[in-house]
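In the two assemblies presented below, subunit A is common to both, partnered first by subunit B and then by subunit C.
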Partner chain A sequence: MKQHLLSAADLDLGDATLILDTAAQIDAALAGREVKKLPTLRGRTVVNLFFEDSTRTRISFELAAKRLSADVINFAAKGSSVSKGESLKDTALTLEAMGADAIVCRHSASGAPHRLAEWVQGSVINAGDGTHEHPTQALLDAYTIRRRLGRLDGVRVTIVGDVLHSRVARSNVLLLDTLGAQITLVAPPTLLPVGIGSWPVEVSYDLDAVLVKADVVMMLRVQQERMNASYFPSAREYSRRYGLDARRMAVLPEDAIVMHPGPMNRGMEIAAEVADSVRSTIVEQVSNGLSVRMAVLYLLLGGDSK
Partner chain B sequence: MTSLWLIRGVRPYGEDPVDLLLRDGAIAEVGVGLVDNDAEVLDAGGLIALPGLVDLHTHLREPGREDAETVQTGSRAAALGGFTAVHAMANTDPVADTAGVVEQVWRLGREAGLVDVAPVGAVTVGLAGTQLAELGAMADSPARVRVFSDDGFCVADPALMRRALEYVKAFDGVIAQHAEEPRLTQGAQMHEGVLSARLGLAGWPSVAEEAIIARDVLLAAHVGSRLHVCHVSTRGSVDIVARAKADGVAVTCEVTPHHLLLTDEYVTGYDPLFKVNPPLRTADDVDALRAGLADGTIDAIATDHAPHAMEDKECEWAMARPGMLGLEQALSVAVEAMIETGLLDWRGLADRMSVRPARIGQLDGHGQPLEVGRPANLVLVDPDVRRVVSSADLASRARNTPYAQRELPARVVATFLRGRPTVLDGKAQR
Partner chain C sequence: MPAAPLHAESVDPRARTVLDSSAIGRIIDRIAHEIIERAGDEHLPELTLLGIPTRGGPLADRLAQRIAVFTEGGTGLVPVGTVDITLYRDDLRSRGVRPLSATRIPDGGIDGRHVVLVDDVLYSGRTVRAALDALREVGRPRVVQLAVLIDRGHRELPIRADYVGKNLPTSAREQVRVRLTEIDGTDEVVVR
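Up next is the complex of A and B:
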């Protein structure tokens, strides 16, 4: 494994499989235990450096680190020194001086964790950077698929929605391709990036045409700010053409699952009866996120001390 | 410092060695075996002489951002790069949109005394793109402004662009357009293509540049005006300019050294040293720009030297200011991109870096041939050395060079401005 987890492309098949297997072992080790805590990272310091509000991701990382007995510092950069003009570099050097072993970074600017990694000794984990990547989300999605379907190799995954701006989509494409899945992206042409022809995916503008052969349907959140920027005429039209409702869910193969990274726009990209159906893995994804993030922290920080 | 110099054994334009006698600011004699017992002698064996380089596109940052560059430090960087004249862009603070500001910059240039600083006037008040600045007043000032540009911003309003093109005809000015359709580049961070998709950075599509150039050559043709296009960066732009020239439109254009050498691959590490506007493009665009410069479609290499304070580059990509240093390495980059590839000879390079830019900027004393009676503005280049660029050694106050640690060919040994050395043995004389 590399020192940092900045992109899903940092993981080869061996690394990715190791993380998923480790997550499974952690799940097994903690199953049924009253005290859900391992001593692995005692004395290590994990900083959650969040320049963007994301309560669910931050809590997930915080709990993951605490369950590994690490000391956890939450540095919500909004409203702190950063908004008073302190640079990312100064923040990095400050955390470095405090002895952070790992920095979990969420930032609105693509590539910010890459910059951070140049300025600190510890490991940097990308917890979502702008419209670039969110590798632990992809790992938890892969883990969820493997648990539900028993495999990843050859699984047909359809990712639907705002691929252009989605860090979830980018990381999933990279990781799922590494793991042998067949990926289809579905979106209105306005929400697919120029240059997508070089991605290891198939592209379709027609959701109905691809659903019948999807083992996994992953719905992406449509951000509010896209609604009035002419990416599509209206929320209603988007929902009609690219939303997953009960009628569409009915054409899915028997064992197919429905995923969403959250938070959902119910009634927009996903209908309530779909989100709450037995096919939906949305709640599982959250708990799997905890296991996968424990595995990542353990593998990046555990064992040999630097 | 004396103003009588005998330069021995230099090769003008890389051709046969001769001696040059510089007296009273002019080239007094050219020949073999010249003698003048009063002259300082410079043994220039192996060196190539070119007319002093002229930059159509320099950001000197003064007034306003003297922490990044001043007229003095920028002039020194220019002289060290072999330049004898630079055009100082108008996007200072305050903006160079009045006779007072352009005159101040012009005077600072004279005081620095290392290169002729020709201020560029803003096209619109405050670069805001809504109201014409007092172009005539700037033209009539001692700064004698002839090039007008809102560089950094596009004159996007077609009606305003038309009026500007027409208005400057009264004093034979030229509008230098920063071609960037603003609605197509909102939030844009890098060239739109395969890499922007992968890196998750908002794309700056080639068409945003090409659409404006296409519009502007049509406007220039319609009103019979000259148009200059700043920093063309795409194959499509070269094609549009080539076609306009073939149709007889009075259009000229420039390319930066970095667009001749670097591609968007450099963005991969998110290091904002490689953030620039227009953005670094693809290898195919680089090929087209080199070919366009070689065949004369592109008239000039212009540095777009853009100094930035450290904190404006040591940050997140999206927060960083666009721009990179260029003056000190421009000639070396041109040698690598154009001479070493065989696309241009030294005479051709002199044409693109001195003759044509001086003509576009209407700088009478510059871009003249190395002949008796011409102003002694020249640069002596050692073509045979290769050097690794060190950002610590730059004369610029800023450090944002994209060439740090890169080995580049050729070195400026000496620069003469009206017969006086501004650089000797690779060292600035003031």
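Up next is the complex of A and C:
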């Protein structure tokens, strides 16, 4: 394992498999226990450095670190010296001077965690940077697929929606390709990034045609906060062409699963009856996220600190 | 004719086999009898064996199987599990992270049970300490005992085994390698 986790592309097949296996063992070790706490990272300090709003990722990292007995400091840009104009670098150096062994960073600027990693001694974990990457989300998605379907190699994964702005999609494409899955992206042409031809994926604009041969359907959130241009004519039209409703879910193969990284826009990209169906892994993804993040923290921080 | 490839260890002049397959078999049989005797009729039904990965796992399986034979299945099958102690080690910082092994706690848990921890080699005692820490989080056994195939001395903690296969005085420079068919394809204990 490398010192940092900045991109899903940093993980080769061996690293990715080690993280998923470790998460599975942690799951098994804690199953059915009253005290879900391990002493592994006692005395280590993990800082959650969040410049962007987040519910599940921040809480998940916080809980993961606490379950491993690390000390956790939550840092939100609001209410800190950042609002007085302190730079990312100075903020990071301040946190490091206080003894942070790992910095979990979310930032609205793509590449912020990469810069951070150049400045600090400890480990940096990318918890979502702009429209770039969100590697732990990809890991928990891969873990969820493996738990549900028993394998990743050769699994047909369809990712639907706003690929252009989605760090979840980018990290998932990189990681799932490493793990041997076949990926199809479905999106309006306006929501596909330039250079999609060089990605290891197939691209389609016809959701119905793709669904009949999908083992996994991963719906992406329509990111209202990034919809600053007319990417599609109306929410209704998007929902009709690219939304997953009960009718579309019915054409999926029998054991196919439906995933969503959350937060959902019910009725927009995913219908409520689909989100609450037995095929949906949305709640499972959240609890799997905890195990995967514990595995990442253990593997990055458990050993020798530099 | 090319010479058959020699295993690196088999040409090591210092390597000596201290236990072979039949000796290991006899030791397992003896420890199984001892466990039955010490537990007594009263507590035999409460027996649970927990192996410490990697090689404690198969040893616990073998002990459970022999106990079932010697008690003529009178107590039913002894629950067997494994308890991985990696996340409880106190030397992770100095020796680095390592992949985890499986933890399988038998159905019904360990509350009130007569637990026997099983490992291959007892050395510093730190593995056993970590295992006791791990057990404390899983439940509250009535009794915890320790069975090891080899006790090689050099304890760093006040820990002793209840059942010892063989006491093997060693120097700290020597290595004790336990090989088991389930994992290594052969049964033997080698010192070098």
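By our rule, the second predicted complex is superposed on the first by the 301 of 306 C-alpha atoms of A that agree within 3 Å, B and C clash if a C-alpha of one lies under 4 Å from a C-alpha of the other, contacts with A are read in each partner's own complex, and residues count from 1 in each chain.
Keep in mind that, in the parts below, a contact is a pair of C-beta atoms (placed from the backbone, for glycine too) under 8 Å apart; a residue touches a chain by one contact, two chains touch by 3 or more.
Here the structure is a predicted model, which means the values were calculated and not measured.
Engineer: Answer with first, second, both or neither: which of subunit B and subunit C does A:32 touch in the superposed model?
Structural biologist: It touches subunit C, and subunit B stays clear.
Engineer: Answer with first, second, both or neither: which of subunit B and subunit C does A:230 touch in the superposed model?
Structural biologist: In the superposition, A:230 contacts neither subunit B nor subunit C.
Engineer: Touch test for A:130: subunit B only (first), subunit C only (second), both, or neither?
Structural biologist: Touch partner of A:130: subunit B, not subunit C.
Engineer: May I ask you to decide whether A:298 touches subunit B, subunit C, both, or neither, giving the answer as first, second, both or neither?
Structural biologist: A:298: touches subunit C, not subunit B.
Engineer: Which partner does A:18 reach: the first (subunit B), the second (subunit C), both, or neither?
Structural biologist: It touches subunit C, and subunit B stays clear.
Engineer: Would you mind writing out the residues of subunit A in touch with subunit C in their complex?
Structural biologist: 1, 18, 21-22, 25-26, 28-29, 32-33, 35, 37-40, 68, 298-299, 302-305
Engineer: Write out the stretch or stretches of subunit B touching subunit A in their complex.
Structural biologist: 189, 192-203, 205, 269-271, 311, 314-319
Engineer: Which of the residues in subunit C come into contact with subunit A in the complex?
Structural biologist: Touch residues, subunit C against subunit A: 84, 87-88, 92-97, 99-105, 109, 133, 137-138.
Engineer: Per the contact definition, I'd like the list of subunit A residues that touch subunit B in the complex.
Structural biologist: Per the touch definition, subunit A meets subunit B at residues 87-89, 107-112, 114-115, 129-133, 167, 170, 193-199.
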